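There's a structure below that I have some questions on.
Each chain gets a letter, A, B, C, D and E, in the order it is written, and its residues are counted from 1.
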Amino acid sequence: GASSAGAASRVDRVDRVHRTAATRTFVVADTSSVEKLDPDVVTNFLDFQALGLIYQQLVQYNAKLQLKPELATSWSYSDGNKVLTFQLRKGVRFDDGEPFNAADVVASIDRALTPKTADASASFLSSVKKVVATGTYAVEFELSHPDNSILTGLTSVNFSMLPEAGIKAGNLATEPDGTGPFEFSSWSPNNSFVVKRNPHYWGGKVTLASVKIETVPTEQSIASALEANTAQLGLLTTPQVVDGLPSGLTRHKVLGLAYRALMLQDEHGPLANVDNRRAISCAITRHQVLQDAVFGDGRPVGPVPIGAFASKPVSVVCPTQNLKKAKAYLKKAGDPHGFTFSAIASDAEDPTDSAQATVVQSELSQAGIKMNVQNLAGTAYVQDWLAGKFQAAFAENGANPSPYVMYGRYFGAGGNLAVPAGYHSSTLQKLLAKGDAASTTAQQKPIWKKLSATLTTQAVWVWLFSAYNYAVTTSGVHGFQFEPTTTTSLIGLRTTKLS
Amino acid sequence: MSGDIVLQATAVEKEYPARGGPAVRALRGVTLQVERASTLGVVGESGCGKSTLARLMVGLETPTRGRIEVMGHALEPGRALARQIQLVFQDPFSSLNPRITVAKALQEVLVVHRLGSTRTQRQSRVDELLGLVALSPRYRDRYPHELSGGQAQRVAIARALAVEPKILVLDEPTSALDVSVRAEILNLLVRLQDQLDLSYVFISHDLAMVRHVSDVIAVMYLGEVVEHGPYGEVLDAPCHPYTRALAAAIPVPDPTRRADPSALEVSGRPDAAREPLGGATGCPYLGRCPDAEAVCAEQHPALRPIEPDHTVACHVALRAPRRAPRGPLVERAPS
Amino acid sequence: MSVVADPSLGLPEAREGLQLERPRRHGVLRALWKHPRGRIGCVLVGLVVLLAIAGATGLTPYSPQLQNPLAVLKAPSLAHPLGTDQFGRDELSMVFQGLFVSLEIACLAVAIAGVVGTVAGIVAGYLGRWPSAVIMRVTDMLFAIPAILMALAIVTALGPGWLNTALAIGVGYIPIFVRIVRGPVLSLRESAYVRAGRVLGFSNVRLLFRHVLPNVAGIVAVQVMMALAWSILAEAALSFLGLGPPPPMASLGEMVSQSSSLAATAWWTLAAPSIAIVMAVIGFNLLGDGLRDAVDPRTQSR
Amino acid sequence: MRGVDLDVMAGEKLGIVGESGSGKSLTVLSVLRLLPDPPVRLLGGSITYAGQDLAAMDEKQLASVRGKEIAMVYQDPMSSLNPLLRVSTQIIETMSAHGVPKDTARRRCREVLHQVGMADPDRVAVAFPHELSGGMLQRVMIAMAVAVSPRVLIADEPTTALDVTIQRQILDLVEALHETSGMAVVWVTHDLGVVAQFVDRVLVMYAGRIVERASTAQLFSRPAHPYTKALIGTLPRDGAAHRSALVQIGGQPPDPARLGQGCPFRDRCPIAVDRCAHEEPPLLPAGEDSVAACWRVEG
Amino acid sequence: MVMQVARRVSSMIVTLFGVSIIIFLILRLLPGNEVTASLGVSAGLLSRAQLAALDRYYGIGQPFYAQYGSWLGSVLTGNLGVSLASRTSVASLVGAALPVTLELAIAAMLIGEVIGVVFGVLGALRPAKLLDDVGQGISVFGLAVPTFVIGTGLVTFLASVFHYFPSSQGFVSITVNPWLNIQQIFFPALTLGLGIGAAVMRSTRTAMLEVIGLNFARTARGKGLSRRTVVWKHLLLAALVPIVTMSGIQLGYLLGGTVVVEDIFVLPGLGRLLLTSIDNRDFAVVQSVTLIYAAGFVFVNMLVDLLYTWIDPRTRA
C-alpha cells in the first residue's frame, strides 16, 4: 500500500502540471478511469492503454496484427520448439535512466508467474518452465511443450518489462517505471492519469510534452468536451454519440478486440441438444442484431474475428437467417413447436447487452423459441458466468489474433474457463493442442479453419458481432493513428502533434 | 344533604417531571370529597391545578401520592372507572372526533361497554340520550363541525352519560361557549342532576356561575385548597384573602355597583410564580397577600375550620373577625 | 361601512384541535376540484393513469414490443405520433407501457414506504418511550444513509427488476413517512377527544385505529402524492445509473437514459418519455398541493 | 356586516358587545383596514378619522395613521406579538416607524413598560414573548400601543384569555391611561360585567349590525332591544335563587351569509310581530340617549 | 445547554455507529467480492494459487467482525483504511474528493436558496401575478425534470452552441484558479440548485402565505410599520423555520443528487468515488465515504436544529 502522504503529493502534482503546462497537456477523455498502476495485474481496457504508454513488452503487434519486435529484436525456437530464445534490444533505458537488459526480463517474467502477483494472463505462459538469461542481451524460455501462442501472450501489458531494481524495491504498484515513450507523472484514482514525455525513450522523438487521461463518465460529456476542445482525444464506443458529433472532428475507428456471442450450455436442458442449438443459430439474423445493438457500426464475426486466421463471419449451418431450417432443426430435435430457455445478460458488463437480447428474443420467437432474459447486475452476472450457472449468456469476450489464446482457455484441455464455456469435446481439445504446437502460420491455418468450422457446426455458441471502437480527435491533432489492439491503441500518441 | 360520599380525594399530590429543573408540583396535598347528588365547585386562577385534579379524578392520570376513591373503590393505575365517573371537557369541539357523527359517537360508547345487545336497542338508547340533553333526533347524523357550541357540548354530555355514571367532572364546561348558550348548559346540568341523581365536580373561573350551581365550593391556589365550604359562605363572606381578591376582581354586570378597590391590592407578580413565594415552609400566598404577618413567612397554614362546614388555610383569617357579608361591593358614586 | 366575508375562502383562524380534521370524503374531492392547481393535478394524474392502464392492457396503437426493422428511428408522423426507436418500436406505445411500469414501481415503492413508515410513525408517536426511541433512532440511521447507496446496495444485492427497484426507492422514503406521521400522532394522543375516549374506557387499539389513524390519513395522503412524484424521479435517476428495471419492459426513466445518447440524432426518443415523466411528476405534485389545501381545515369554511 | 355606524368621540370610552361572530372584530379591524383580505373585503362606506377618509388612503398614508393616531390591542396577546423578536425590539420599531429617534425610543420603551405596571421593565424588555405570562404580554401590547400616544385606543377583547384578577388589572390600567392622557378607548367585549363597570357608552351588535346604542346606565336599567334584554337576562343575577333556571335566548344566531330580509333576530325574539319578518328595523330612538333597531321599541 | 449538546453529540455517535454497521452488513450482502469485482470475468483466468494469494491480500474469508473491527480501527485512527483497488489510502482519496462535493453542495444550496426564497417571498406577496407565475414555472420545472436530463441538456447545449465545457479538462481547486473553478462549479450547481430552489420556493411560498394571515402580522401592519419591514423582518423571520427545515431535507437529498451531476459534469467528487468503489467492491472506501455522507447529514441536521433555536427563541429550552 501507499502512504497517504505520497498520494496527497500526487494530487498536488496534478495541480502543478495544470498550472505550468495547461496549454501543452494533451487530454484524452474516456468514460472509465485508470484503476491500477501495476501492469501485471491490470485487466480493464483503459489500464492497458494507459500503461501501454509507459511500458513495453518483448514483442508486439503491428497494425495488421502481425507480431513485430519491440524490446526483443528477434526470437527463435530450438530444441524441438521447446526452447524460445530472444535477442534483446540494446541501448534501451528505463525512464529513470537505468539500462534495460536480460536480468530485467527474467525478473519481470518471474514476477508475472509468481502466484502472489496474480497476473491475469499468467495462464498464457503456463508452458514456461524457466526463464534464464544467457547473456546481457539474450534470454531463453524453457517450455514444457511446443507452444507458439506464448508469443501472442507476451504482447500483453501483463507481461511488461519492468526494471529488476523496481521489482526488488516493490514500489512499481505506485511508481511505474518503463521503457515506453512516456513516463509516469501523476495519478488521481477515479479522475485522471498523467504521463509526460520520456527523455530516455529509444524509439524516436515524442512531441507531446504530456498526456492526461481524464475520466469523463458519460459519452455525451466526452462529446461535449471535444466540442469545447477541452479534450483533444475522446475514446467512444457508442455510435449514436459519434454520429451526433459535429463535422470539425476527426473520427478514427477500429474493430474492437472483443466479440459478442450468445454462449450456450450443452450440459442440461434443451440446449444440450445440438439441433436445438442449431435452430437458435439459424433463427438469428446477425446483421439485425448488429444493426439494433450498435447501429450497424461493427461486423458480424465468426469464432475467430481478427488476425491472420480470421474465420468467415457466418456459420456453416446457416449462413443467413433461415427460419425454415430453424424449424427443421427443431423438428429433428423433437421440439417442433419450439422450446423455452433463459439467457443472462448484463448492461453493466456490456451496455449493448439488453439491445442484443431484445432483438434476439424477437427473432427467436419467430421460430417459436422463447428466450427469457435475465438482466443481472455486473457482479451477479460475473458470478453466475464464472460458475456456469446459466443456460445461455450474452457475453462480450476478448478476441485475440491467436485462436489458441482465445479458445484454449474455454475448450482446451484443462482450460480454466471450461466451466463457463459449457461445452466439452475431445475433438476441440485435440485441435487446439495441435494448433498451439504448430510453429508456422501455414501449418496453423488449416487447423484453425477446422476449429472454426467445428465450433459453428456444433453451434457450441452463437457468435454475433464485433463492434468498432472510436477515437475522435479535434482539429488541431495531427499524426494520431488508432492502433487495432487494446494494448497499443493509444500508442499512436507517440507520433501525435498538436498544432 | 345526605352524608353519602361518592368521591373522596385524600392528600393527593401530583408532580410533573420538568426538563432541567425541579418537578412541577401541580397538586400539593388536596383533600376533598363529593357527596351524592351534590355539586362541588372548584375555583382558582389559571394554572392552580384544577384540570389536573379533574384528570386524576377520572383516572386519566395517577396521583404521585395520596389516594382517590370513587364509590368506595380506590382508583388504581391504568384502570379507569369509566362506568362510575366521567369527564366533560372545556372545548366540546376538540373533545369530539371530527370524523364521527353524533349517533356513532354515542353508539361507540354503548358498544365498548356492551350496553344494549341489539342494534335497535342501542339506537333507541341513543335517541333517549339525545332526548335527555334536549337535542332533537335530527342531529343524529351531524358531524361535530355542523353543530353549534352549545349543541356540541350537549353531545359531549350525552356521551358521558351513556355509561350511566354516578359522577360527572365538568372542567370549565361553559367557558368556551357563548354567553347566550351558557345559561342553556347550566340549566341542563341542573335538570340532569335532579333527574339522574348525579354528583358534579364543577370547575370554572366564573364565580357567578359556580355560585349558581354549587353546593360546596373549594378555592384552590397553587395546587392547594385554601378555602372550602358551603357556597353562600365561601363567596358571600370570603375568609381567605385570595378568595376575597377573586370575588372582588369580577366585574359586576351592574353599573350601579363597583368593586372595592382595596380588596384588589395584589402586589408582587400577578402571574402565578411556579414556586410559592412563601418558600417551602411559609404561606403560598405570601407575596401577594395584603394582610400578611410575620407568622405567614414561617408557617404553612393548614386548612382549619372557621365554621363547622367552612375551612380556611390562612393564619390571619382564623384570628381576625369575620368580615361583613358582601363586603367588597360598595355603591357606585353617581357619575 | 360594509364588509363582506367570502365563505369560500375560509376562516383564517382555525379552532384549536381541528388541525387535521376532515369532515366528509366528498368534501375533500370537491375542495380538491375547486383548488386551481389541484384540479390540474387531478386531470394530469387521471390522464397518466388512463394511459398507463392502456399501456398495461395492450390498448396501444402498436404492441410496445413489436420491432419493425423497416421503421427504425422514424421522426414523429401520423403513423407514429411520437416516432419510433432504434428497434423500430412505436414510441407512443412504449411510453404508455413505460408509464405503467414507472407507476407500478412508484406505487409499490410508496406502498412500502407509506405502510412501513406510517405504522412505525404511529407506533412511535402513540406508544412513546422506548419504542419511540428505537424507531426514531433507526429512522435517523436510514435517513443518514444516502438514498442512492441504499438503492445501489438493494438493487445490486437482489438484482435488477422492477420489484427491487421499487424496494430500493421505498426504503429510502420510509423515514419521511415516519417523521410526517409521528408529530401529529404525538399531538393527537394528547388531544381532547382521544383523552375523552380514554375516560370512556376505550382500548388503545380502538383509539389508535378509530380515532388517531383516520385523522392522520389526510397528511399521509398528501405525502403519498409527493412520494409518488419523487419515486418517479428517483426511478429515473436510478435508471441513469444503470439500476433501473431492465428492458424489454422499460420504465420511463430507463427509456430516457437509454435514449439520452440519441438526443442529437433522434430527439423524439428522448422527448417522448421525458414529457411523460414531467407530466406525471407535475400531476402528482399539483394533486398533492391541492390535497394539502383540501384537507387543511383552515382553508375550509365551516 | 352591514351598515355599521361607529362614531367615537374624543376622550370617550365606548364599549362594543355582542356574541361571538356578531361582527365586533370585523368592525374594529375595518377601521384600520386590517381586514384579512382576500376572505373579507371592505365593500363600501367611509371611515373618517379627523376629517380624513381612511378608506380612500393608500398603504403609505395609512401607515402614518396606524399606530400613531389609532392604536390597537388584540384579543390574544400570545399570537399577536411576534414570538421571534424581543419585546423591546417590537416596541421600539413601532416608535421608529413613526419617526421617533432610536435612543429616545429606547428610553421611552422603558418608560412605557414601567407605566403599564411592570415591576422590572428592563427584564421584560429583553424577554421574548414566550417568557412572559398572558397578563404581562397584554400589558406589553398596551405599552406598545400607547408608546406613540395615540388619540384612540381600540381594544378587541383584550382580556378574554386572562384570569379575572389579571383582567381587573388591565382594566384598571387602561382606565388610568384614559384618565391621564384623555385618549379615547373602544373596548370590544362579550362580558357585560366589563361593560357595566368600565365604559360610558355601549354598542350592541347582532348578526353584523348594531341593534342598540345607549349609555351604559341606560342600557342596564332600561334595555330597549329584546336581544339586549335577553343577554342581560342570561346572567345569574344577584337576587336569583340558587340553581334556579336562568333565562335562555333559545335558537341560534343566523348564518350571516344567509340573512333574508327582515329583522335578523326575529326567529329568537319573544316579541316578534309580522312586520319583523319582512322589514328590517332601522335604529329607532328608544330613550334619552338610546337607539335600538326594533319595531317594538317604545320611543 | 451543555447537557443538551452532550446528549446531541452522543446520539449522533450512536446514529453514525448504527449507520456504519448497517452499511457494513449491506455491503457484505452484495454478490461478488473484491476479486470478481476488480477482474470481472477475467477472474476465471486465475489459477488456484493465484486466487488464494488474492484472497489473502483482500482478507476474503475473514470473519465479519474481524473485518468490521479492522475497518473501525482504521477509522478511529483517522486514516480510514486502505483502498485495496487502487492501493492508496482512503483518506487521500476522500481528501481529494470531499472538497469538490462540498463546494458543489454549498454552491448548489446557495443558488437554490436565492432562487427559492426570492421567488417564494415575492410570489406569496402577490399570488397569481406575473412574478408568482414565473416562480411557479421554475418550481414546476425544477421539480419535475430529472436532474440528469437538465444536466445533460445543459452540457450538450453549452458545448454545441458555445463550444464551452469548463469541467472536462480536469477539476481545478478554488485555491489554484478561482475563476476556472467557479466556472466548473457553476453549471452543475445550477443544475442541482434548480431542484433545491423549486422545493425551497414552494415551502417559502406556503410558509409566507401562512404567516401573512397570522395575528402578529396584523399587529405589525396595525402599528404602522412599512411594508418592507413587515415582509422582510416579521414575515420572513417567522417563515424561516419551515424554509430551514426544507433546506435541511434538500441538503440530504442533494448528497444523492451530486452522484448524478458529478458524473455528467466530470467532477471528481465523493459521489463518483462512491459509485466506482461500489463497483469495485472496494469496501473500505464505500464504508468510509458513506460514513462521511452520514456524518455530513447528521451534522447538517444538527446545524438545522441550532438554526431553529437561533431563529425561534421558544425552542431554547
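Throughout what follows, contacts are C-beta pairs under 8 Å (C-beta built on N, C-alpha and C of every residue); 3 or more make two chains touch, one makes a residue touch a chain.
Note that this is a predicted model, so its numbers are computed, not measured.
S.K.: Following contacts chain by chain, what is the lowest number of steps it takes to reach chain D starting at chain A?
M.R.: 2
S.K.: Select the chain at the greatest separation from chain B, using centres from the mean of Cα atoms.
M.R.: That would be chain A.
S.K.: Identify the chain pair with more contacting C-beta pairs: B-D or A-C.
M.R.: The greater number of contacts lies at B-D.
S.K.: Centroid from C-alpha atoms only, then distance chain B to chain E, rounded to Å. What do you get?
M.R.: Each chain's C-alpha centroid was found; their separation is 56 Å.
S.K.: For chain C and chain E, let me know how many angstrom lie between their CA-based centres, rounded off.
M.R.: Whole-Å distance between the two chain centres: 23.
S.K.: Using mean CA coordinates as chain centres, what's the chain B-chain C distance in Å?
M.R.: 49
S.K.: How many angstrom between the C-alpha centroids of chain E and chain A?
M.R.: 38
S.K.: Two or more other chains in contact with one residue: find those residues in chain C.
M.R.: Residues 12, 156, 260, 263-264.
S.K.: Quick one: which residues in chain E touch 2 or more of the other chains?
M.R.: 30-31, 152, 156, 213, 215, 263
S.K.: Counting only residues that touch at least 2 other chains, which ones in chain A make the list?
M.R.: 220, 348, 377, 379-380
S.K.: Which chain B residues qualify as touching chain C in the complex?
M.R.: Its residues touching chain C are 58-60, 80, 82-83, 86-87, 89, 91, 93-100, 108-109, 112-113, 143, 145-146, 156, 159-160, 162-163.
S.K.: Enumerate the contact residues on chain C facing chain E in the complex.
M.R.: Within the complex, chain C contacts chain E at residues 12-13, 137-138, 140-141, 143-150, 152-154, 156-157, 229, 233, 236-237, 240-241, 253, 256-257, 260, 263-264, 270, 274, 277-278, 281-282, 285.
S.K.: Under the touch definition given earlier, write down the residues of chain E that touch chain C in their complex.
M.R.: 11, 14-16, 18-19, 22-23, 26-27, 29-31, 140, 143-149, 152-153, 156, 213, 215, 252-253, 255-257, 259-260, 263, 271, 274-275, 278, 286, 290, 293-294, 297-298
S.K.: Enumerate the contact residues on chain D facing chain E in the complex.
M.R.: So the residues of chain D in touch with chain E come to 29, 32, 34, 36, 59, 62-68, 71-72, 74, 76, 79-85, 93-94, 97-98, 128, 130-131, 141, 144.
S.K.: Can you check the complex and tell me which residues of chain E touch chain D?
M.R.: It is residues 213-216, 218-227, 229, 233-234, 237-238, 311-314 of chain E that touch chain D.
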